[in-house]
């Protein structure tokens, strides 16, 4: 358990280093005077003067060798001093905290919805492998998985927003706005989790303990509820960890498509506007969100599967 | 007295073929019926036909009668309702048969509540009493992966037994167990018999049949060739097959004549010790292996028998001690036979290709291959097959051939026959011994079977089970009981 | 005859047939990408003001986009771009991934730990995020896009190769071969490669699929390749506002990207991800 948390902590540190290094590179490669830009980032464009830029240059040692500047950059990161947006001048932390909230709402909604759709269908198919229902589900999930998020999103927009006019296509605020982005992410996740649940159901049904439970005299129903569900749940939860990559990637694309004011949307905007502190803040937040979600999946796994627990 | 279970001309078949000939059996209270047969003889299929859980595509034909008065055609599946209540099936691999995510006690309780129809508190009390009786105190809240193999076996027995079914069917319940554990299983089964139950047991182990007594049936290729009381059939076999089966039991093998081995040792070991994790497997081990000598190593599972051989071959490292291999011979003169022959061959090439690779690598004389194949009773057609398409006995002899091509001075045979049926095992071991004698090759033969080692070895090493707790407290070597076989 | 083996399920392997379908579909797409520029020599940037958002017609068999550019030529170019970039990245990633994986498994110890840590470091960030950041540093650069995708893809090769090689190298079969005097090359040829090659095929197909999805996703959010390059994701973004006027025109890139990913998924085989 502690090993596991230690590993995730290490991963978080790696995320910070990687993001820090890449954004430092981004900063160094931007045209123009870095000191001037950083000063602007700190104090806002109106307040910047040559004197302020010189102060920054001296303070950050921009005339120092690259390695020192890099260490200073990472030092700021370590103290969570993310600076100010080059565009709006607002503190990055503030903007990121706001965006992170709406992204997490979207992600959790998507995972929850995918769990309502995917595993039940998968279990139903797995109980009767080879049946018409199983084949139909296979076809459906294969096609869904072959569709990138943004294409899925576009198709949903075209069908539900533009053609049928049921829900708004973009924006944020009401519940109706959350329907399409959540559904887009959830469909992709459910396509995978239903397959995992299906295969797990078949494995469990073929397992020695399931056969033994039947021979003990348990009815099909108690056999399934007592020995089936929990064991099917183990790989489904484990696989959620693998799916998190898909979820985070999906957040970037889906938020951009639906103009959802989340962290992915913020990241893409920052990149397009070359707002380096914002790029760093949002990328860092996304990376850390990935690590935290992974940790949550680890904990869920730990809770559901006793074999992972060290005694 | 009406039997607890009776079959009338029950046969097992696919749509086209008959797999097990019509067989009528009777199970009586307090008495065991053992069906003995080799792998693939159809004995397990018959048991599954009785229970009614044959794999898809196979069917049972004939009649089945139960003590309660229920009877039906083999094809029907009304007896599913009797599972757990009338007929209990002991799992083959208890570890895999317990729900990995459910606590031990709950697996027994559920039989009482769901099959016995008891209240939860009553069931809990009863389950705890059962576990107490079976020596599972303290294991109630553990998960199966935290139990030892023996505990899992007893827990599975408790979970099966709780349904109160009078008939117990056990399919190879001793498969892969060492002697001590086999004794435990037999004690459990005997306890069931003593309380008035009936037992149908399927096994390949003659010793199990002998100790359970009752009646035995010998099955070959889906057909019972001999049946009768255990002591009669097992001691005075009539049928040719039964006779060869009994003769193949290592306990009946003629002892190896004593020979004085002289000559410079091939391997010389002094005060060798090995530690795995925090357990000392063995320490202070000293012995010599001389040309042509067969050194038998026995001991319970996990005692380091195989590690000893691997250390000699250089595949594992020893903690302390010295190891002297004969000088002046190439490294390839020290060879190994593996427990699972399939795992010892590259699966992507045919056996012939594998040999050809070896011949080319060492510039060997390929004309020796047909001679050796004949000597080891291997058909030339095997050369065109892949290792997965050859029977275990043939493949193990083929690995012996592969090893003999290199003229070894020392062969480490790691349980080379533990996966083989009795008759095949005898053939394999005989050929190994003969080959060793013909070329004066030394053999370190590791086995869990005391009788087998007794029969063939010149020198014996007995390793004892490592004791995790007291290991470090002891200063003197606690094993290395070396007794030349006289 | 062994009676117990009679019961073994003899259902035909559904994976093989679906893989054949995948390969067939993939070859058709490759043919489309190669044959169109040979038979239909139209500049992908040339605008035809007489036909804007037109449906299929003689002059433009698959219609035109909002700027009057020929869809057939643009789609073929986009498929060429996606497949080409994906294949090159998959190949580039395979070599270091497999080699390092074998080295890590073979050497063990510190080398294994170090390489494992390196791969963990890259895994700390979701692949698309890494690609996004690298592409942000070098905007509009093909080389950066290709490098970033390869940088993400090598990890899967490395991890699978390392895990598989570890099992194979620890197997009795390899230890038997070593005892018989065979050297590393033989062990690689007879033991490792036969086990690795089918898995590598699957990883390559999945890798190509995720590379194509990543490129398209970047195009879609206007961070990847720049207009007027024909790229599937970019085309979908550009055409999205004109959905109502020309539904067929936007349906085309969607269909093409679906077919590409589907063919790769079928090649990779049903399980995993």
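Which chain is which? They are A, B and C, in the order written, and residues in each are numbered from 1.
Just so we're on the same page, a contact is a pair of C-beta atoms (placed from the backbone, for glycine too) under 8 Å apart; a residue touches a chain by one contact, two chains touch by 3 or more.
Bear in mind that the values here come from a model prediction, so they are computed numbers and not experimental data.
Asks: Taking the touch definition from the header, please name the shape of the chain graph: line, ring, star, complete or other.
Replies: complete
Asks: Count the C-beta contact pairs for A-C and for B-C, then tell me which is higher.
Replies: Answer to which pair has more contacts is A-C.
Asks: Approximately how many whole Å separate the CA-defined centres of chain A and chain B?
Replies: The answer is 51 Å.
Asks: Just curious, how far off is chain C from chain A if you go by their C-alpha centres, in Å?
Replies: Roughly 22 Å, centre to centre.
Asks: Could you tell me the distance, in whole angstrom, between the mean C-alpha positions of chain B and chain C?
Replies: From the centre of chain B to the centre of chain C is 48 Å.
Asks: Quick check on chain C: which residues sit in contact with 2+ other chains?
Replies: In chain C, no residue touches at least two other chains, as defined above.
Asks: Which of the residues in chain A come into contact with chain B in the complex?
Replies: 207-209, 211-219, 222, 226-227, 230-231, 234, 304-307, 311
Asks: So in the complex, the part of chain A that touches chain C is made up of which residues?
Replies: For chain A paired with chain C, touching residues are 11-12, 14-15, 18-19, 22-23, 25-26, 29, 138, 142-143, 145-151, 154-155, 158, 162, 192, 195, 199, 242, 244-245, 248-249, 252-253, 256-257, 267-268, 271-272, 274, 279, 283, 286-287, 290-291.
Asks: Once bound in the complex, which stretches of chain C touch chain B?
Replies: Spelled out, the residues of chain C in touch with chain B are 1-7, 9, 171-173, 175-177, 179-182, 186, 190-191, 194.
Asks: In the complex, go through chain B and note every residue touching chain A.
Replies: Where chain B meets chain A, its residues are 51, 53, 83-85, 88-89, 91-93, 96-102, 110-111, 114-115, 143, 145-146, 156, 159-160, 163.
Asks: Flag every residue of chain C that touches chain A in the complex, lowest number first.
Replies: Interface residues on chain C, with respect to chain A: 120-121, 124-130, 132-134, 136-138, 213-214, 216-217, 220-223, 233, 236, 240, 243-244, 247, 250, 254, 257-258, 261-262, 265-266, 270-271, 273.
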